[in-house]
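Structures incoming, each one as structure tokens.
Common to both upcoming complexes is chain A, partnered first by chain B, then by chain C.
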Partner chain A sequence: MTDQSFEEFLHLSVDLTAFEETELLGTGLAHQYLAKVRAACGGEVVSALLDAHRAARADAADGVGGHDPAVLDRALRHRIFSDDRLGPVARNVIKLWYAGMWYGLPPEWTDCYGARTAAETATVTAASYQEGLLWPAIGANPPGAKAPGYGSWAQPPRIDDRYLRGGAK
Partner chain B sequence: MTASTIDNRDDLISYLHAAMALEHATIPPYLTAYYSIRSGTNSDAAHIIRVVAVEEMLHLTLAANVLNAIGGTPDLTLPGFVPTYPAYLPDGEDDFTVDLRPFSPEAVETFCRIERPGEAPGAGSRLVRTADRARPVLVSSPTVEGMRFYSIGEFYEEIIEGLEKVAADDPGLFCGDPTLQVGPEYFYSGGGTVTTVRDLDSARRALRAIAAQGEGLDSGVHDADGELAHYYRFRQLQLGRYYQVGDRPDSPSGPPLGVSWDDVYRLKVSARLSDYPAGSELARAARGFNADYGAFLALLTKAFNGRPGLLQDAVWYMFRLRDGFNRLVRNPLPGSGGLNAAPTFEVPTAVDSGPHAPRTVGGTPRAVTR
Partner chain C sequence: MYAKFPDGAARRTDPAAAAEVLYDAVIVGGGIAGAIVASRLGEAGKRVLILEAGPAEDLTLRGYEAYLDRFYSAISKDNQAPYPVVANAPMPRGTDARRIFPGAPDASAYIVQNGPFATDTTYTRVLGGTTMHWEAKTLRMLPEDFRMRTLYGEGADWPLGYEDLAPYYTEAEREIGVSADVEDQAYLGITFDEGYVFPMKGLPLSYLDRMVAGDIDGMPVELDGEKRELRVRPFPQGRNGIPNPAYDGGKGYVPRGAVSTYQVEVGGRCQGNNNCVPICPVQAKYNAGKTLAAALRTGRVDLVAQAVAHKVHVDERTGRVTEIEYRRYDRPDSPGFTTMRARGRLFVLAANAVENPRLMLASGLRSSSGLMGRNFMDHAYLLAWALLPEVAGTFRGTNCTGGITDLRGGRFRRRQAAFSVDIHNDGWGWARGAPMTDLIDLVDAGGRYGESLRQGLVDRVSRQLQLAFMVEVPADPSNRVTVDPAITDSLGNMRPILTYDIPEYTMRGVAYARQLSKRIFARLGAEDHTAYDPAFWGYAVHTGEGYEIRGGNHLAGTHVMGRDPSTSVVNADQRCWDHENLYLVGGGSMPTVGTSNVTLTVAALCLRSVRVMLAQLASETAPIHLTSHGAARGRSPEVAQ
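Let's turn to the complex of A and B:
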């Protein structure tokens, strides 16, 4: 596992999940998640996914280190989500981050692209349920873990401005 | 016998402010070591550090009760309340500092020094002259410039004697508003029973409880309640074995205790905001933690100034701080040679500070409006 592909996996995950890199690394599970995608789909599919993402970011580059979000959105749909091989894998990466589970890909995918291990649904580690992004996304704690403290439920959930309608980007 | 450095109520108030700052100052180093431990590993060590950190929170509350009882005003938002790490320790040595370190032999050695029961060789040396230096000191005499205490236990002994002396001359010393006292109905499950203070006897009890649990003058391994003093709790990590009642200090005979020094996030020692890449997402997260911590200290200040019920909210503030701590320590700190980030405890000067400011919820994230 090279440092470069890990970095690229992080960048891909930032674009797929809408969570910042600090939050993704803050789960402590980024390395395990990349290893899980590799183990499920094989290194070749992962390389192709990272290549497609790099190309999508290049499409949207604004020339000064940033990118145009609308162009990036279109490029991701065009290069990744509408691709029969890469689309289902990218959707699974989103689910992996949000739910901490690898959901088995359907037989249609494994029949075409091999990688039978991709069909097996599995939890990555005991920590991945607790670290699922769905919990911070809704401003709640995972039931049974990360106790929020007595009475905390009387407070409204804290959600970053940028995720709220009308909030700053 | 050195002349007392405490002559009146104002001196006592200065000392008790210093006591609160001291009790608090031990907490960030303990939390840094605690949260550096990878989850699911080092359960013995994590438990030991956690117990001690929670007892320091009790000590902070006890010191606030004594301060309130003599008419002082606890304020955890004062500039300098949170020291700049590394900070020097008051145990008579000038050759080591307290850092914010990941769990490591060095961290445990520092914890032992913080908690070492160091009765001065003679009462005459309770106060020692501070070396000339710019670094902050955890415990110095607030009334005699350039002097600091041989140990934390000596510091509390000085306060107890000062209370006795001033109370003898001034029957109205304990004039504080009794409704400001934080009792066991507000502070519970937190390292022992909190004592409310209304007279000399209860003040002595509160301060002796601090001394007995932690850094005190008792040289026994266990205190009268059979509880292990902090120093010996940490010694167990160095000696690899638990103490049992009746053990001598250097030979615990309880079950062996496992430590795995490698199952730890390698954190930048005493990280500063200036170690974070300027303008980065990670720097924003570190500043966000400091802002949350500042808001938490402001909340405690209100709790100690007539709204003890806010200690219930302090519980969920602490859980949020826990989540922020965990997030930072799992992030690599760019440019640090492979180390991870850690909270810097550089608390910003709060807009919402002081005991009488209105209550707000701190931090960047905004509450969802319904």
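Let's turn to the complex of A and C:
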């Protein structure tokens, strides 16, 4: 596993999850997640996914170090999410970060792209459940861990304002 | 205070040596019922043996953490996920339930389900029993629940009234450590002693509860000509809160923390882990390990684990129980066992309302009333789910802090079942597997990622409201537990066979519950997402409408108590009419379940029975001679009801 692919995996993960790099690193699980995806799908698929992501970012680069979100969104949809091979893997990377679990890929995928190990649903470690991003996303703790304290449930949830406003329907 | 489990207590008793002892009492089952009886008899100086089917290390923090790890790592986080599967003492699992087709019982899991209705009801066979994973709601029954036949012509009357049980409710609230406020809990006839306060103050309602209360408090409802207003009310809870200094005439209350560790680490106040079911990581929630630790500390209580009671032996002439034959398995994962026996002056079956009758029937003891195993009851749960117009921060707090209890009693019970309504802090988890199913759906089908995923999660999950209507089920003799010598588990114990249908009376309550949920959602401006799937294993149709019905895990009725030996199995003291030194304790003794989760009542009944057991032991002081076919003799006292 090269440092560079780890960096790229982090960049990909930031775009897929909308959590910042520091938050992702804070889970302490980024290395294990990359290793999990490799173990499940094979190195080749991971490289292709990272390549496609690099290309998508390049499509959207604004020349001053940032990118245009609308262009990036379109590029990710075209290059990754709609791709038979990469789409299911990318969606699994999202679920891995949010739920701490590798969800088995369907036979259609494993039949075409080998990697039987991808078909098995598995938790990565006992800690990965607790570090799922789903919980901070909804302003809650993972049930059974990281207890927020007596009576905390009577307070309004700690969910970023932009999601409270943005929402409904 | 912390509940120290004495070192080595789970293994200190040698079963061979125990077979030579004539105990004052032999108790089958180390759940809350068995633990309460054992602790009180032990404290009164009696020698007690507990036989526990599950494997038992000492209840140490490490052992408890092994449960937690198993839970964290489990792919399916169902309510048995933390507990080891032991083929020698199998247990039902919620995920076992399958739709049953006429004439084809489902024997794929431990409980053989004969139908017609399939249930996912479960219990746990580990030391501490089902309280290891209960939710710990601790409602008292209503006074009218004890007089259903007289008042409403439905169900049965108890041989006891609320007033008879009230002092034991108080004691049970101390034992379990209940957090609640009297002013919230005195309704529909529930009374408390002058000046009573609960051991700990009530847990605050959740933000979600209060959002619901904002629109529901004051909602008018008219049923059977009676008008009432609904309100969101906190539930009494068997989990540690803030001790009430006024408790016990100003003496206060010291909460019991985790078993075998110091409270500064864990076991203090509930911390809002939202994981009460299946396991509270910090043991803020009561589990029977706390009572067992106290029982074992008396030094007079012995415990043999991996000991599955196999047969109750009775002296044919006197009807008295002479011994309990049990199978002690050597290892949880292999079927080897040794047959052992336990002898005592009294015997107490505390294995729960499925396992007690299972064991009695497997021993050929059907009760001269013929009612052993009959009148099986549980609660029928109907769920209704919706999205609130605003973010409520669902998924925080204990599983449930508040609900609507105004329809637990009233004249309408002549016609239809009463219910209590839970507001679930864990959203649509029970109904639809939220929040994981929402995540998967948003990602896989919704094409969401990044910001739109985060937004989608807040919109879809943090606004979830799930109401759980816990509907009463009246006793019906054809709902029953039976056995068949040909159907056994790996240790050769007959498995329970359950025949169960949801009575019409309950279904009328269910239909009304659904109707009420629509009104509640409309008042809240919530989007109703409730849809009942005809392929669901617990799908039941009533007057053309279909509903998903789930089991309540509140097992009862199978060795019903009464005044008349021809219409009941045990008397008000839970003593068998047929066997004067045998007590069948637990939910099985209850003639009605009303609308309270049963355990507080089970605890109160056990505390009451202990007094009678002590009186019986005192009166039968003559030395007891046991021979292989002779049995102990002695007159038992007439026990006041």
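Odds and ends about this structure:
Everything that follows uses one rule, which is that the second predicted complex is superposed on the first by the 160 of 169 C-alpha atoms of A that agree within 3 Å, B and C clash if a C-alpha of one lies under 4 Å from a C-alpha of the other, contacts with A are read in each partner's own complex, and residues count from 1 in each chain.
The rule we apply is simple: a contact is a pair of C-beta atoms (placed from the backbone, for glycine too) under 8 Å apart; a residue touches a chain by one contact, two chains touch by 3 or more.
In this text the structure is predicted, and so the values were computed from the model without any measurement.
In the model built by aligning both structures on chain A, chain B fits alongside chain C without clashing.
By the document's definition of touching, of the two partners only chain B reaches A:Thr22; chain C does not. In the superposition on chain A, A:Tyr98 contacts chain C only, with no contact to chain B. Once the two complexes are overlaid on the shared chain, A:Thr123 sits against chain C while remaining clear of chain B.
Between the C-alpha centres of chain B and chain C, as viewed from that of chain A, the superposed structures give an angle of 70°, to the nearest 10.
After overlaying the two complexes on the shared chain, residue contacts for A:Pro106 are found with neither chain B nor chain C.
Contact with chain C, but none with chain B, is seen for A:Leu76 once the two complexes are overlaid on the shared chain. Contact with chain C, but none with chain B, is seen for A:Ala137 once the two complexes are overlaid on the shared chain. In the superposition on chain A, no contact is made by A:Gly114 with either chain B or chain C. Number of chain A residues touched is higher for C, counting chain B against chain C.
When the shared chain is aligned, chain B comes close enough to touch A:Asp161, but chain C does not. Once the two complexes are laid over each other on the shared chain, residue contacts for A:Gly43 go to neither chain B nor chain C. Taking all C-alpha atoms of chain B against all those of chain C in the superposed arrangement, the shortest distance found is 5 Å.
On chain A, the surface touched by chain B in one complex and the surface touched by chain C in the other have residues 126-127, 139, 147-152, 155-157, 159, 164, 167 in common.
Partner chain A is touched in their complex by these residues of chain C: 68-69, 71-75, 77, 203-207, 210, 241-242, 269-275, 279, 281-282, 389-398, 401, 425-426, 435-436, 439-440, 443-444, 447, 449-451, 453-455, 457-459, 461-462.
Of all residues in chain A, only 15-18, 76-77, 81, 90-91, 94-95, 98-99, 101, 103, 121-123, 125-127, 129-130, 134-135, 137-141, 143-145, 147-157, 159, 163-164, 166-169 touch chain C in the complex they form.
Residue ranges of chain A in contact with chain B, taken from their complex: 20-23, 25-28, 126-127, 139, 146-152, 155-161, 164, 167. Residue ranges of chain B in contact with chain A, taken from their complex: 38-40, 281-282, 284-285, 312-313, 315-320, 323, 326-328, 330-332, 361, 363-370.
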